[in-house]
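Both of the next two complexes hold subunit A, though its partner changes from subunit B to subunit C.
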Partner chain A sequence: MSVFKIGKVVMGSLFKKPATLMYPVVPREWQERTRGHIDINEPDCILCGMCMRKCPTNAITVDRDAHTWVIQRMKCIQCGCCTDNCPKKCLTMAQTYTAPSVTKVIDTFEIPQKEKAAGGGAADGKLQNNQDECIYCGICAKNCPQEAIEVNRDEKSWKLDEDKCVKCGLCTEKCPKKCLEIK
Partner chain B sequence: MSKRTIIPFGPQHPVLPEPVHLDLVIEDEKVVEAIPSIGFIHRGLEKLVEKKEYTEMVYVIERICGICSFGHGWGCVSAIEGAMDIEVPARADYLRTIWHELSRVHSHLLWLGLLADGFGFESLFNHTWRVREAVLDIFEETTGGRVIFSVCKVGGVRKDIDNATLKGISEKLDEIRKETAELTDVFIEDTSVKNRLCGVGYLSKEDATDLCTVGPMARASGIVQDIRLTGNGVYDDLGFEPCIETAGDCWARCKVRIDEIYASIDLIQRAIEKIPDSEIAVPVKGNFHGEFALRMEQPRGEAFYYAKGFDEPTKYMERMRVRTPTNMNIPAMVKTLQGCDLADVPMNILTIDPCISCTER
Partner chain C sequence: MSYVAKSPWIIHYDGSSCNGCDIEVLACLTPMYDVERFGIINTGNPKHADVFMITGAVNERNKAVIKQIYDQMPEPKVVVAIGICACSGGIWEECYNVLGGIDKVIPVDCYIPGCAARPEAIIDGVVAGLGVLAGKRERMEKGLDPEGTDEAAPEAAVGAPAGTETAEAEKEAE
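Take a look at the complex of A and B:
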């Protein structure tokens, strides 16, 4: 390397803005799309378990009995699969990274139990099928995260296990005949 | 007669970015034979197809490699799309090409830094990685991730880049080209660098052909072989020309990768000019079925992807096979090590740009 080239690099290094950040004195600026960590809005969660099923690394555990949503932060790869598949859109990708740790961090979120509203909102209603229009295609059963629906095409039967149904509304969205309704 | 000695090299060694072990049979200061062994970081990612739905598998396949992750994701979704006869929108194809070529720029800059570090030029290493940082910032702005993007999905891409941001990227690339040129002059012309690279690790065109060498390693020995010439993605529309050298030594491999950085920047800028306005993804319905195989040009060379479904369509694939470029280049590396000086071993290993994580998966 010629003397002039070295001189140019040295002068540049002396007077240009540093390429590195004086972290942690200068905080990191996050981009709008930065995939930092998964956040949950607990009141909106219906514990349907879709995120748990779709997570490629099995980082999420949904316990309907204990009313908890648990994420293993070190397992999560921030792919955003859960946020895309959440029927209630209560999962979001936050910009900040989780703090470094020497232990496997597990975050547990308590999901508040839904009280039956006097007016009876959609989440408090019951899934109903207008069997006059139903073609027994089985798409609702295939998309049900809780496997609460059973469809038999030959016998033309449609059964719902009400204990399993979380009223996520996925079946109503996917139904080609729009004969499913939560009311 | 000099005595033969075996020197173990790796899996932990200052010049090795990833673990590979070599038993170097030495006579005086010359390497007589190199016996490679891998298997330190096998993760069994291909086996996971049995447990992960085909749409989720993309995120697993992306994590085969931390440097060319986007290419692996693209290869995986292309194999799935081919098997299921899914037509991807034109804009998604352009966006994939832009991200893939940006990955090539960042991969080659990373490699140039490691090479500089390998031959003991620390400040050149630091400056190369400083330039690379600008590419990583583009990734974070457009995909949300600096190394693993998770933007490729079956049927298209998950995130769009608006035209104003694309124009900004084009301007940033002009700056990156200028800064890279100052550094690559040193790699190409500096006497101390040439002393370490010129004439070292010679691989003839015949040997490169016989050993099935791929990627920049093959192109540095004069073989015109680049999968981008076969019409994958939108390279036909962008007027792609491969970068070829004929010297076959470490310097030629370095020169090919340097030329590819500029070629990739040109490709991205042409893609930004031509990108059409359209949807970025098509809905994908149904379970996985069919069988498909394709090749892709990764930064390190040709990679092969194969996807096969069960007889009855299910959410899962029966088999997903990935063959990575380093796997193909290890025989050539062993060949170049035979007869070289012990001091040149790091250069011979580094110039194949080994990615052992890819090789073992």
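Take a look at the complex of A and C:
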């Protein structure tokens, strides 16, 4: 009987597919949800800096003056905090892993300035508050990535620093009374 | 991989890693990724090793151990930092007891990012490291310091990406 057992193993070894993936020769196919590296769609970025503040490893630097979005590839842990918190959803998780390198790679992306101004749409309006409905809860101020909104409950005042506002729309989403609008 | 003239042996050291990257290093050695077909063997002895693979960040406790293993390895040698913690300290960078990436203690020749680093990335990174190793060996044959960067600039930095390209070209050819 042992002959049959051994024969089965031998035949199996001869005709079964090899267990090895043969990696460098056969490229790996990634799944849809594989976390590889962070990609940015530059025209959509409003440089609000939310990704920079949420990043647990400080891998991302957003420079509003220089109009750049910089990522240190050897610091990013692909947690996806930036993609989850990006108000414009311009950050995406790509499937291919970050390439190994002999240097510490730092990728700089130029964020186009003119296109944003001429692009039209909600991002170019002005944040407006319907003060008849406002309950001065302050949720907008707490969620503002730029700390552009100041709410005082006692004096029933709502102030916006227009220079700081990046029109990300986070306050309009969070407003419980829906009295905020970007027009 | 045909340009690899000698079988590079590796030594793997876990410096305060969460074991995620360690598991991936070991996955490379299992039949599934099987780097042994390229002659790569995981040796426990630094005196037999060409490639020093480190996972995890450096802290005060393992600093001396890393230095000792590095010093015991014969020239030429390359250091490969695996995972974000080994590359830069990662989420532990600002911890009071963590010094940062491996490059704070010994020179690192190749960085493999990832949390955890994927076996494919580790294989690519070691191939890039072998390019550096070849460059260092050439320098030694010329009688130069393998770690130096003086005259007859080592092809190390140039050789590594070229090596990766060769692997990719082979992939495409297949």
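Going forward, the second predicted complex is superposed on the first by the 161 of 183 C-alpha atoms of A that agree within 3 Å, B and C clash if a C-alpha of one lies under 4 Å from a C-alpha of the other, contacts with A are read in each partner's own complex, and residues count from 1 in each chain.
To be clear about the criterion, a contact is a pair of C-beta atoms (placed from the backbone, for glycine too) under 8 Å apart; a residue touches a chain by one contact, two chains touch by 3 or more.
All values reported here derive from a predicted model rather than from experimental measurement.
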{"item": "Which of subunit B and subunit C A:Val102 touches, first, second, both or neither", "value": "second"}
{"item": "Touched partner set for A:Pro56, first subunit B, second subunit C, both or neither", "value": "both"}
{"item": "Which of subunit B and subunit C A:Lys5 touches, first, second, both or neither", "value": "first"}
{"item": "Touching partner for A:Ala19 - first (subunit B), second (subunit C), both, neither", "value": "both"}
{"item": "Subunit A residues touched by each partner, larger count belonging to subunit B or subunit C", "value": "C"}
{"item": "Touching partner for A:Met93 - first (subunit B), second (subunit C), both, neither", "value": "first"}
{"item": "Touched partner set for A:Ile77, first subunit B, second subunit C, both or neither", "value": "both"}
{"item": "Contacts of A:Pro27 with subunit B and subunit C, given as first, second, both or neither", "value": "second"}
{"item": "Doubly contacted subunit A residues - partners subunit C and subunit B", "value": "19, 56, 77-79"}
{"item": "Contact footprint of subunit C on subunit A as seen in their complex", "value": "19-21, 23-28, 56-58, 72-79, 97-105"}
{"item": "Touch list for subunit A against partner subunit B, complex", "value": "1, 5, 9, 19, 31-35, 54-56, 77-81, 84, 93"}
{"item": "Subunit A contact footprint on subunit B (complex, rising order)", "value": "52-53, 56-57, 59-60, 63, 123, 127, 130, 133, 140-145, 148, 150, 158-159, 182, 185-186, 190"}
{"item": "Subunit C - residues contacting subunit A, complex", "value": "1, 31-34, 37, 84, 87-88, 90-91, 93, 101, 109-115, 117-125, 127-128, 132, 156-157, 160-161, 164, 167, 170-171, 174"}
